[in-house]
Structures are given as structure tokens and as C-alpha cells.
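A quick write-up on the structure given underneath.
By letter and in written order, the chains are A, B, C and D; residue numbering begins at 1 in each of them.
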Amino acid sequence: MEGFAFSTEIQVRFAETDAQGIAHHASFVVWFEVARVAYLEAFAGGYAAIRERGLEALTTQVDVRYHRAAYFDDRLTIWTRCADLRGARFRYEYRVVRGDELVAEGFTSHATVDRETYRPTRVPTWLADAVATAESGSA
Amino acid sequence: MEGFAFSTEIQVRFAETDAQGIAHHASFVVWFEVARVAYLEAFAGGYAAIRERGLEALTTQVDVRYHRAAYFDDRLTIWTRCADLRGARFRYEYRVVRGDELVAEGFTSHATVDRETYRPTRVPTWLADAVATAESGSA
Amino acid sequence: MEGFAFSTEIQVRFAETDAQGIAHHASFVVWFEVARVAYLEAFAGGYAAIRERGLEALTTQVDVRYHRAAYFDDRLTIWTRCADLRGARFRYEYRVVRGDELVAEGFTSHATVDRETYRPTRVPTWLADAVATAESGSA
Amino acid sequence: MEGFAFSTEIQVRFAETDAQGIAHHASFVVWFEVARVAYLEAFAGGYAAIRERGLEALTTQVDVRYHRAAYFDDRLTIWTRCADLRGARFRYEYRVVRGDELVAEGFTSHATVDRETYRPTRVPTWLADAVATAESGSA
């Protein structure tokens, strides 16, 4: 997908559906997180690397717009990019597609904090560089 | 809370926490739904009344901004109001507080559809009236 | 309910239902935990008291037998008792009812460990005594 | 694993962890379901095939014994077999391993019902045969 350097796949679990017969809307928030974790694993040594260096990434905002229902067993592709990484803040953007169909899109905003003090801490250079390299591939 | 006619209480479940030691951010999306269901029960005969009349309310957008972490066993108050009910669309707004502290805020947007055809269907007058009455109390 | 000293109430959330139109079977495992937390709060200063004293209660077994489906918005009563508390181990038993109907029953087994070392640690006397007092009321 | 014809892989999601820093025990119940769905997809045309033929598989019992904690990002293998398929009832058994370590084991029992009437209905021959063929490979 244009502008997106990375994608991950999920398959809708039965436990993620609801009595409307569709994937519950909160499931997408979990899938966004799955996509971020996979992104960090692909490009920056994984979320574990961040935690090992004494950092924690907090989620400060989540926004999801739902365009089509997703159903049990659907295979969905989550296109993911990291944007606007500056200081202690960064933002991810997502497009969830099923084949040619746009199922949902959204973004999450995050702040990097020290794991002990929970004070905002600049995203370390190695991580910012890894993200910049990853995203330059999608230019 | 000024401008909000209704609140409901939740208590953070252990299953809703994550390895950061806080309530997982997706939990708030579920709590917003709990608050909507309680709102409809208080003012409009419950969500069941809507479904019995052949309607389904789809969620078209979710937005949450997180201001403070919530912890296991925290008692949170979710202030809830229904805004911008027009045609087949309506929107809920939320403030999640713990005592005096604003923990999170957000909104959800919804579309009313026919349960069989999934075509957009105007919010029925009885429901719009019930909401208008509920919200006029907070003017 | 005979033999049960304590009960707590839950209301089935929409997010807890699945595409069969019923509460997903994993939800009961979460409700059992909600019931244990409420039990400890009623009788033993809460789960927080246990954690503050440097202990953690691990779950070593879960067993649920499902007799009837539970549905969105159902109000369920979870009868709960603590049995077989000895050494570092204890067990909870549950009956989930909707009015006169037995919806599900089950048990969970737990081990008390030191929070730092994760080595088994005897259930402290104050907790064992609190449970014994609570359960003697149901004799 | 001896006696098991099938395995599927899962990776522990951050949303599946809890404030003890480990995968929440209810997550295993969801993973068992993921494993059943993968098993049916591999051997019997998928769960969708069952539902399309007017059947629903209800869960009548879940039992999990936890031997070791699972952690965020752990890759776990879920060995799965279908046992005791007779009449309208069948049972799955599971071993969850991380490398050489047994993390958990358990079983789930199920009943096949007609989707409309919810009356018990024999497991259809095609499904019983598919399972028998799958399991004979592990003899």
C-alpha cells in the first residue's frame, strides 16, 4: 500500500466476534498493538529491546474509523507506518484491508517514558534511526 | 460533571490489566460500550429494545485520549452523553474520572441500520425523543 | 445457595458475547476472577492486601462446566466459596446462576508465591483465618 | 509430540498479559479455540464448513492446568488432538509448550447442535471421518 513500508497479517478469532456476528470493534485496538509489536520486531529489535533499555511506551491516543465489518476467520492485512517521531512522542498509522477492501483505518499516539519514574524520555537515537530507515523505504 | 447527564461506574478487573501494571488501553473501548448500554437502559428501554425493533447500532468510529493510567481495582466513573443525534447517526462522548482526576476522554460514532439488510435507517423517533429528554436534563 | 457464603453479580457485556449470540466461554474464567476479587475484598482486605504483603496468587488450574448459554445483558449471580486452603495452595468453587437456572459451575486452584522469588509461600495466617471465618458462616 | 497429530503456533500478545507480568490465565482458553479452529481448517474444511451445514459446536467444559508462566511475545506451540468423538459429543486435548517446556495442558468438551433448534445433533459422518483420518496419523 502506497506510503506504508510494513504489513502484518491477523486472522479473526472466534473469541473476537460479538453477537452482531462481526469482529467486536475493540478487537481492532488489540490488532493495532499486534501490528506495532511486529513492526518493532522487524525494524528495531523488538519491543523487548525498548523495555530492556529501561523505557516504556505509553499509549496516549487511539482512533479507529470502521468502514466495513470484519468476520470470524477473515484474514486481514494491517498496513502500518510510524510517523511524526519527535522528542518523546511518536505516532503509528494503520490501514486494515481484506483483499481490495478497506475495512478500517486509524492511528495511535505514544509517549516514551522511563520505566521507573514514568517521566517522558526522548525516543533513543537507535530507535529513531531504525524507524527512519524503515520508513524511508516507503517514500 | 457539567454537561453530562449520566454516569456509570466500573471497577478495573485484573484481566483488564497488562504487563505495564495498568489497565490495557483497549479496555476503555469496552468500558465506553458498558456506559452506552447503561445509558440506553436508563433512558430508552435498553439496547434490547433497539434490537427488538429490528435495528442494530454499528460503531463507525472510536477515539480515546488517555491522560492518566488506571490500575487494578480502581473504581472509575464514566460520564456519558449522547450528542449529535441526526438521521441514522449519533455520537457518544465520555469522560472517565477517578475521584477528581480525569483518566481518559473520548467519543464513539454510530450508525443505525436495519438488522436484516444492514442499510442505514433513521434513529426512531421514540429513541431520539428519549435521548433528547435525557440530555435536556444536563443543559 | 447452600454451602456458599458469598455471591457477586455481573452483567454480561456486549464485548463478552460471540458470533454464536451467547457469552463466549472464556468470559466465565474472567468472571470467576471478578468473583474471587470481590470475595477477598469482602473478607480479607482485598487482593491488594495480599500483594502489599509481598505475595502473589498464581492460578494453577481452571475448570468450567457449561450448562446453559448466557446472553448479552443477562444478570448473573456467581456463588463463590474458598475450599481446601492448606499450605501454599487453595481452591475456589463457583456456581453461576440466572434466577433459578444453573448456567455454569467450576473451580480454580491457586498457589501463593513470594512476589520476588516466585517460590511457594504458605498462605498467611491472617488470610487463612479470614477465609475460615467467612466459610464458617455457610456451614 | 507423541500422540498429537497437529500443532499450531501463537505469539503472546501484549493485551493478553496482566499486571503479574504474565499471560493472563483466561488467554489459554482463547488459544485452545484458536488451535481447534486451525485443526478443523487443516482436516475438515474449517469451522465455517460446520456452520454452513446448519451445525454449531457448543463448548460444554474447559479445563486448563498451568505449569509455567507464559510471557509477552513468547512463541508457544499448541499441540492439539480430537479424542472421543461419539454421537453429538467430542473432546479436544491440548499441550502448550515453549521449546522443551510444558507451559500448560488441558481439554475442552463440545456438543454438536442444530443451529436453529439447538438440539443435540450427531457429528456428521464426513466430519467424524476427517477427524479419524487426522488422528490415525498420530497412532
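Just so it is clear, a residue touches a chain if its C-beta (ideal position, glycine included) is under 8 Å from a C-beta of that chain, and two chains touch if they have at least 3 such contacts.
The structure presented is a predicted model; accordingly, all values stated were derived computationally and were not measured.
Undergrad: So, comparing C-alpha centroids, which chain is the farthest one from chain D?
TA: B
Undergrad: Across the interfaces A-D and A-B, which one involves more C-beta pairs in contact?
TA: Between the two chain pairs, A-B has more contacting C-beta pairs.
Undergrad: Go ahead and note the Å separation of the Cα centroids belonging to chain A and chain C.
TA: 34
Undergrad: Take the average of all CA coordinates in chain A, do the same for chain D, and state the distance between these two points in whole angstrom.
TA: 28
Undergrad: Rounded to the nearest whole Å, what is the centre-to-centre distance of chain A and chain B, using the mean of the C-alpha atoms as each centre?
TA: Result: the chain centres lie 24 Å from each other.
Undergrad: Which residue numbers or ranges of chain C touch two or more of the other chains?
TA: 14-15, 26, 30, 33, 72
Undergrad: Going by the contact rule set out above, which residues of chain C touch chain A in the complex?
TA: 14-15, 17-19, 21-22, 24, 26, 71-72
Undergrad: Chain B touches which residues of chain A in the complex?
TA: So the residues of chain A touching chain B come out as 20, 25-26, 29-30, 33, 56, 58-66, 69.
Undergrad: Taking the complex as given, what residues does chain C use to touch chain B?
TA: 13-15, 30, 33-34, 37, 46-48, 72-73
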